[in-house]
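First, the structure itself, so that you have it in front of you.
Think of it as A, B, C and D in the order they're written, each chain with its own count starting at 1.
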Amino acid sequence: MKRVRLGMVGGGEGAFIGAVHRMAARLDDRYELVAGALSSDPRRAASSAAAIGLPRSYDDYREMARIEAGRSDGIEAVAIVTPNHLHAPIATAFLEAGIHVICDKPLAVSLDEGEALAKLARAKRLVFAVTYTYTGYPLVRHARAMVRQGMLGDIRVVQVEYAQDWLSLPVETQANRQAAWRTDPSMAGPAGCLGDIGTHAYQLAEYVTGMRPSELSAEVTTFVPGRRVDDHVQAMLRYPNGARGMLWASQVAAGEENGLRLRVYGTKAGLAFDQQSPNELWFTPVGGTSRRLTRGRVQGAEALHATRVPAGHPEGYIEAFAQVYTDAAACIASGTTQGDEWLTTVDDGVAGLRFVEGVLRSSGMDGGWVSID
Amino acid sequence: MKRVRLGMVGGGEGAFIGAVHRMAARLDDRYELVAGALSSDPRRAASSAAAIGLPRSYDDYREMARIEAGRSDGIEAVAIVTPNHLHAPIATAFLEAGIHVICDKPLAVSLDEGEALAKLARAKRLVFAVTYTYTGYPLVRHARAMVRQGMLGDIRVVQVEYAQDWLSLPVETQANRQAAWRTDPSMAGPAGCLGDIGTHAYQLAEYVTGMRPSELSAEVTTFVPGRRVDDHVQAMLRYPNGARGMLWASQVAAGEENGLRLRVYGTKAGLAFDQQSPNELWFTPVGGTSRRLTRGRVQGAEALHATRVPAGHPEGYIEAFAQVYTDAAACIASGTTQGDEWLTTVDDGVAGLRFVEGVLRSSGMDGGWVSID
Amino acid sequence: MKRVRLGMVGGGEGAFIGAVHRMAARLDDRYELVAGALSSDPRRAASSAAAIGLPRSYDDYREMARIEAGRSDGIEAVAIVTPNHLHAPIATAFLEAGIHVICDKPLAVSLDEGEALAKLARAKRLVFAVTYTYTGYPLVRHARAMVRQGMLGDIRVVQVEYAQDWLSLPVETQANRQAAWRTDPSMAGPAGCLGDIGTHAYQLAEYVTGMRPSELSAEVTTFVPGRRVDDHVQAMLRYPNGARGMLWASQVAAGEENGLRLRVYGTKAGLAFDQQSPNELWFTPVGGTSRRLTRGRVQGAEALHATRVPAGHPEGYIEAFAQVYTDAAACIASGTTQGDEWLTTVDDGVAGLRFVEGVLRSSGMDGGWVSID
Amino acid sequence: MKRVRLGMVGGGEGAFIGAVHRMAARLDDRYELVAGALSSDPRRAASSAAAIGLPRSYDDYREMARIEAGRSDGIEAVAIVTPNHLHAPIATAFLEAGIHVICDKPLAVSLDEGEALAKLARAKRLVFAVTYTYTGYPLVRHARAMVRQGMLGDIRVVQVEYAQDWLSLPVETQANRQAAWRTDPSMAGPAGCLGDIGTHAYQLAEYVTGMRPSELSAEVTTFVPGRRVDDHVQAMLRYPNGARGMLWASQVAAGEENGLRLRVYGTKAGLAFDQQSPNELWFTPVGGTSRRLTRGRVQGAEALHATRVPAGHPEGYIEAFAQVYTDAAACIASGTTQGDEWLTTVDDGVAGLRFVEGVLRSSGMDGGWVSID
């Protein structure tokens, strides 16, 4: 299968989400990362590119768009992983150059900017993906399929929330780079918690239910003194079909790590999903017993579309598997041929076989105790 | 960082674990897959290699070992992902050729074979990794670190189990290729469930506790009529320090998907881990309250070593993220510029901004209802 | 300890909550039920009284109040377990007669009625308890104590909900007596779901936090066509200290049995309780790991105050224990001396001893298999 | 319904299980406690009897058996709640006197004693119940019914365990009266953990499956230095039908409160129950999705037989309800007419009505904020 030639803007050393985008692009082997403007600081751009073995490195995204558009082997798509306020100008530059865009959320810092991007992408007939990551879980796909198939009946109630606690204290005044730009209206836009995670909650509800609210009543609050954006939002929602909903997002919900949770209730059944336990989806008919659906057991085409590992092997199994490979690579690179403290080696394989042999021997002796020293 | 040049034996079209090995090798960008003998059937080997864009394809692993060893750009390591009975001859061939080995478990079909491999790897000073995948979870690493740091005190009791139900019926007599070779002693070896998953349970317990049992009393059972290997094993364990343990593995445990669970009890505290919920580790001091440890909150160096995503983003988040990328690649490849049914596009980004704008507007009106149509 | 002489109004044959009140009164042996007007239908009142061995039965609560007040051994307190619209007149009659009141919730069908009752109780210096049952859980008591002790810091966010699905269909039009009166404004009052369970949610939040909202913005909805009261309510709350809250109550939340859940977030930590798992309370400090608190482990005076059974024996253990007693009573009454299918008898006791003896024998033989036939 | 006249031996002040037996006897109003020999110490017997208002108190159980047997209103049944070594002599005395027996577990300290009791009860045609409490849970009853109805198919595997940690330290050498007698072979018998909780695990497995093992291989261990009985037991079980099982009981399992757990796997489905979450029972067909069964939703006759409260109200609801009653009794007794800190009073009822009124008002104003001060 042909790989898509990919470029990246942002994601230099010290950034967080850029590396995740690169892993995501690599996992299914559908992309080849060939160019980037990883930082607006030329030296950091160059060293970041070298660190990951990037073929072509640029200092400026406009130059990158222009040059790549002119090469026969230039990038076909660009991933934009900068702070929010740069999404629109960067996306515009690449769209103008005829390059597909994969952009982190929120799309932009204002509705006007966003609508302009949508219009431009349409005019240019280019793919413009926004990485609402949580829509990629197999069980979110399955939930959506269940709604579409009418298994919930008509939807009456939507409850969605996204609760975190990492901004409970004024960490932006300390050396927390993530907090600093996310609470700075000049980079994050006018919405804080609302834009950062409220949009995720909103999108997840829509993705699963297929319904978009027509009216809302809301209040944003800033709890931490001195903070320049909201850190808490609550809203009541009305849907065109008469359904009602509530949305809550908070970054000061003490004790919550990353609690994105969706519950949908219809005339026939209800669904619940918590992204912190992405391996399960709860389904309960009216008056019935709850079923814990897992990707491997639901056997739906939609979940299979997003599936890489067999039943019972949870989302995350591949990371564990990759860790073994990466630990092996470290040993190979360093010549640590007997394995380091982490790697399971041939000696562990032998120990397993000694166990197997001991079990068969003991079982053959009617369970007599045997030594496996 | 220099990538390791990797080859693969097995893992052609229709196989399962080979593709997982390739994703694992790709995720952290530490390997470059350059050669393979993906099948012993020459046509299938060639077509499988073409499907994944493999640079060099071989029909025979012996030839592959010989030729690759002679090239200046030959593979440095080989991944062996065949049925069990081939592990030893293949690993031997590559070790003899001076090539590092990454081998699926169980290491071999007999203890003698396994010990010969260990001896050869040591003599050749080569890395020989066995992919006991479950040791790669951040929280398994953290559990091990807690034991080492003495947080459990002296270990008294080990309870480990691995329960599945996929062999509850005689599926090997139907067209289930995985079941067929795993219940065929000529390919799987004399141990069925015992070798397939009992060894995983055994290894996980050892990895976390650092203790290897000295004696065991065991019984293997075959529940499904006509089956040629065991499908159930139970054992009692004695450890050198006086600790006691129980190990149970079953492939006929009705309703269990992939229940690998470990509990360790010491003089000071207890630990529990279930690989089906890899995002949590339970820790309880004697007489105290249980703590639900998560990777992002434990802040241990060992968990960080195996960590790719921030706190609260569960193992599996990368797969979800990759799914978004892969769906985007599909749209790019097919020219579906407005997105397909799965991809979240710029229009979803605009919807999010419309929500943000609506919330800010309503909040500014003391929560008055506003339209966001 | 002297028992309180108790009367009851309502709770005749076919009613539901009356029997629960009687069990509750009996459990701790602090009450003696001596009189009742169990039904307004004289025949049903008499037969209901006979069925439970009630000493004094009345046809009319007014007569009951008058006569009991005049007896030297008359009731000291009355339990009111009728539909809502009768709470106020009955309570008034007994208060006027100088008798303490224990009344089911909601207190009355209007705020005016309720305020009049409060005023009268105060004037008469009588105890007037409203049975907000969920406040009686040991872990609710403990949660309240934690808030009081400042373990959460200043409270910022309250999330409370009470979700059921038993009114998802128009069951009031079928022969569902509970549904009929609870959806009839002439008996339930103007609030349906709001009064029936919304008040429970509201009270639980206040009981634990010690805070009462000063403002709210709310919407009630009736989803089931033809229903005469609301079956869904959602509200946003503002507290005097600046905290924010959301309250949701629904009787059409498909799949929900009795989901009363409270979460409280402060500047230092968060708490979560779900009455469907009353044996656990979750506590998480900002940025820390979650603790699963159980009654037996928290060792707080407030939980102990509401505790009857030792650590690890969940709320509900007494019911299980009572069941064994009750099954024994049935055997005694019927002369089924060898036990019925439910009762564990001396033969089960012998089986246990045979197991004990077998284990000791096997253990003495180094784990040799022994017969325990 | 006529109440059974009940006596009690043991259960004086300072004892634990006696009070639980009394609550259990009271809950369903099927017993009347009229006599007791609550302690072998005459003064303690008298004061204990006075404290609970017991009509007839004895110093000696033999005298009690003799006199009660001679009275026309004498006890019909006796509850024995002493340490283990006294079960057999006391039960013998009452059986000889023609009185039914309800005895705590384990039945006796030796198999011979137990068999003699069984023989005597049979000869006398008397009911002899052994209080294996955990058999009284509605969902244990339902599990048993599911097995009987063939919903699991033929049972292949039984996994049962009972894990506690309260004897992890040598608490019997400190002032822990429960630990002292339970680890003293002269009172507890030769089995420690094995008799105390191993028998519960054994009985629960049998109660649900209807199967009794024919052979076992076991080992008892004493982990705590100086302890005179076992504190850990593990066993492998063989059943007549070829099924296999494992039983584990430990009182040194650090962090475990009262972990009695049963899992049963058949040819068609599996079941799991944990008494620490008695409100749920897990059922999973081979290859299917797990269902979380609750008492209120399963609608089985067997669960209903042991049910006191409606769906969704968990086991334990009655205790919460009783707590409200008991707090009210305390206020009545002390004249605290405005309620103490725990009791929810008429003022809380009014607050609820104020909330109701506010919600209706706000909803009528299209969700405008209203004050509810």
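What we mean here is this: a contact is a pair of C-beta atoms (placed from the backbone, for glycine too) under 8 Å apart; a residue touches a chain by one contact, two chains touch by 3 or more.
Quick caveat, the model's predicted, so the values are computed rather than measured.
J.: Determine, using the mean of C-alpha atoms as each chain's centre, which chain is farthest from chain D.
T.: The most distant chain relative to chain D turns out to be A.
J.: If you tally contacting C-beta pairs, which pair wins, C-D or B-D?
T.: Of C-D and B-D, more C-beta pairs in contact link C-D.
J.: Chain B to chain C: how many Å between their CA centres?
T.: 48
J.: Quick check: how many Å separate the C-alpha centres of chain B and chain D?
T.: 43
J.: What is the distance in Å between the mean C-alpha positions of chain C and chain D?
T.: Comparing mean C-alpha positions, chain D is 21 Å from chain C.
J.: Tell me, which residues of chain B touch at least two other chains?
T.: Within chain B, the residues that touch at least two other chains are 166, 217, 219, 236, 287-288, 290, 294, 297, 367-369.
J.: If you look only at chain A, which of its residues touch chain D in the complex?
T.: Checking each residue of chain A against chain D gives 217, 236, 287-294, 297-298, 367.
J.: Please give the residue numbers of chain B that touch chain D in the complex, ascending.
T.: For chain B paired with chain D, touching residues are 152-153, 156-157, 159, 161, 165-166, 168-169, 217, 219, 221, 223, 232, 234, 236, 242, 244, 246, 248, 250, 252-256, 265-270, 282-288, 290, 366-369.
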